[in-house]
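One structure is given here, and the rest of the page talks about it.
For reference, chains read A, B and C in written order, and residue numbers begin at 1 within each chain.
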Amino acid sequence: MTWLQIIAYAGTFVFALTGALKARVYRMDIFGGAVLAFVTAYGGGTVRDVIIGARPVGWLNDYFGLGLVVLAVVAVFLLSDKLARLPVTIFLTDAIGLGLFTVLGIQKSLNLDVNSGFAVVMGVVSATFGGLLADILSNTVPDLLKKGELYATASLAGGIMHIVLTHYGAPEHLIFGVCIVLVVSVRVLSKWKRIYLPEL
Amino acid sequence: MTWLQIIAYAGTFVFALTGALKARVYRMDIFGGAVLAFVTAYGGGTVRDVIIGARPVGWLNDYFGLGLVVLAVVAVFLLSDKLARLPVTIFLTDAIGLGLFTVLGIQKSLNLDVNSGFAVVMGVVSATFGGLLADILSNTVPDLLKKGELYATASLAGGIMHIVLTHYGAPEHLIFGVCIVLVVSVRVLSKWKRIYLPEL
Amino acid sequence: MTWLQIIAYAGTFVFALTGALKARVYRMDIFGGAVLAFVTAYGGGTVRDVIIGARPVGWLNDYFGLGLVVLAVVAVFLLSDKLARLPVTIFLTDAIGLGLFTVLGIQKSLNLDVNSGFAVVMGVVSATFGGLLADILSNTVPDLLKKGELYATASLAGGIMHIVLTHYGAPEHLIFGVCIVLVVSVRVLSKWKRIYLPEL
């Protein structure tokens, strides 16, 4: 297992946790929780793969990833009271997941000959559309679209940095590291200093 | 036309009927009813085909299936008062549709080299995501995700039975029959005895 | 650039404008506006391409189209008060977009060996599902499904005319022109004379 795969699974687990916790807020049953966990973890990658024409989608036949999603649902079922006391931890792991999925989305797109600008768009889609689809399933306006802290913008900043460093021939590990740190930093700064995008 | 195709068309017609009746509840116009009927009947199979990489989706160019959907919309337009008096009939045909689409989803996935665990997931997706998409279009939280009777769970039970029987080399007709009967039984039992999944 | 491409880009720009103006109504931020503009402009074509198996989707790697969407968002950000005073202009450009996307959807489907009836369905999907997806993202019942003026029906009428003229071997430019004029006429007549589809 490569270092990138390990972090991809970490991102999957964290996003599945976020989805299952959201299902609890809406008082869904266990199946509803599993669907929301799965959609949050895999929704963004699925939309990306469909758009760039990867076939079949990346998570198919991957029992380990499926097991992580199930584990996240079980964890929320058993431990949700304790998890609710860890909002900062969840905020941070979600921010790290955002950075990881941005990098993964861009890499997968570049490997399929998507050009740089659209690879950045696909990075944002990979990182944010899972949560957006889960919000649609919960019948709420996606957090992502409402006025609020920088979320997609953090992903976008990391994505642009990724393309710039790639252009100048930086080694892969450096690109991944800088990009992820940048996404997490923008996200944390926005939360801390209450930096918002202007309303349209 | 094989026996399997006949039942597939029966499932398509029943699910289209369910979708059109739902459109009536939300006072949509005839076009809205046609969209909801189509999405309920074909939405689950479309999501499945996109995920497993079947291309193009199965219902494309199938005039007979399209005709059945149109027929269901016309039937609801002309006869909905009478159909409303048949809730038990509709419940039963919907349960049978659930079983049929579970079997079809698993078979199609296995034929495209999806492994057993994910084939079961694809069976549930085939059988339940049409109704879920129709609920999203109607701007309600999908019934499927809310605390309630066993629906997806019935599909899941049938799917697991399907894989177990396939593993032991049972003949295809036996597998299909047992699986469909199991799905319908779990569904009916859950309705009758008010068996619910626990809340997350 | 062919005549058809020029009009396709015009349709993309107009639909992106519609999406961004909708985001303003729901008080989304700039990112939300960009997503709604993009989804309105490209959502219908994406669903069509996924269903008919075009891979990757048509708008990928097309910087010019992406630039038009960004331009529409910037225009709404800077000029929305003036745009709000142009409801008739926007109604007309949207009607023209409806006609253009109907023609494009049918042509692309026929080129991929979709048969005539389903090509008409794909024309309607191309022309209407972008707005429908944007409505889902905004957490409202899609306008398209509610009782109201003829919209999808205008697209359907143009699509049927397209297939009839193609059957009789009419030259391409005539087909495109007649079809677009018919869609716009039905749309304008419905608005003007308040012609509605009956409720289901």
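Everything that follows uses one rule, which is that a contact is a pair of C-beta atoms (placed from the backbone, for glycine too) under 8 Å apart; a residue touches a chain by one contact, two chains touch by 3 or more.
Owing to the predicted nature of the structure, the values given are computational and were not obtained by experimental measurement.
Engineer: Could you draw the chains as nodes, link the ones that touch, and say if you get a line, ring, star, complete or other?
Structural biologist: complete
Engineer: Same or different: at the chain A/chain C interface, is the fraction of residue numbers used by both copies above or below half?
Structural biologist: Answer different: the two copies use largely distinct residue numbers here.
Engineer: Taking each chain's centre as its mean C-alpha position, how far apart are chain A and chain C in Å?
Structural biologist: From the centre of chain A to the centre of chain C is 30 Å.
Engineer: Among the residues of chain B, which ones contact at least 2 other chains?
Structural biologist: As it turns out, chain B has residues touching two or more other chains at 50, 55, 136, 139.
Engineer: Which bits of chain B are touching chain C when the two form their complex?
Structural biologist: Where chain B meets chain C, its residues are 20, 23-24, 26-33, 35-36, 46, 50, 55-57, 60-61, 63, 66, 73, 76-77, 80, 136-139.
Engineer: Which part of chain B faces chain A closely enough to touch in the complex?
Structural biologist: Where chain B meets chain A, its residues are 50-53, 55, 112, 114-115, 117-118, 121, 132, 136, 139-142, 144-148, 152-153, 196-200.
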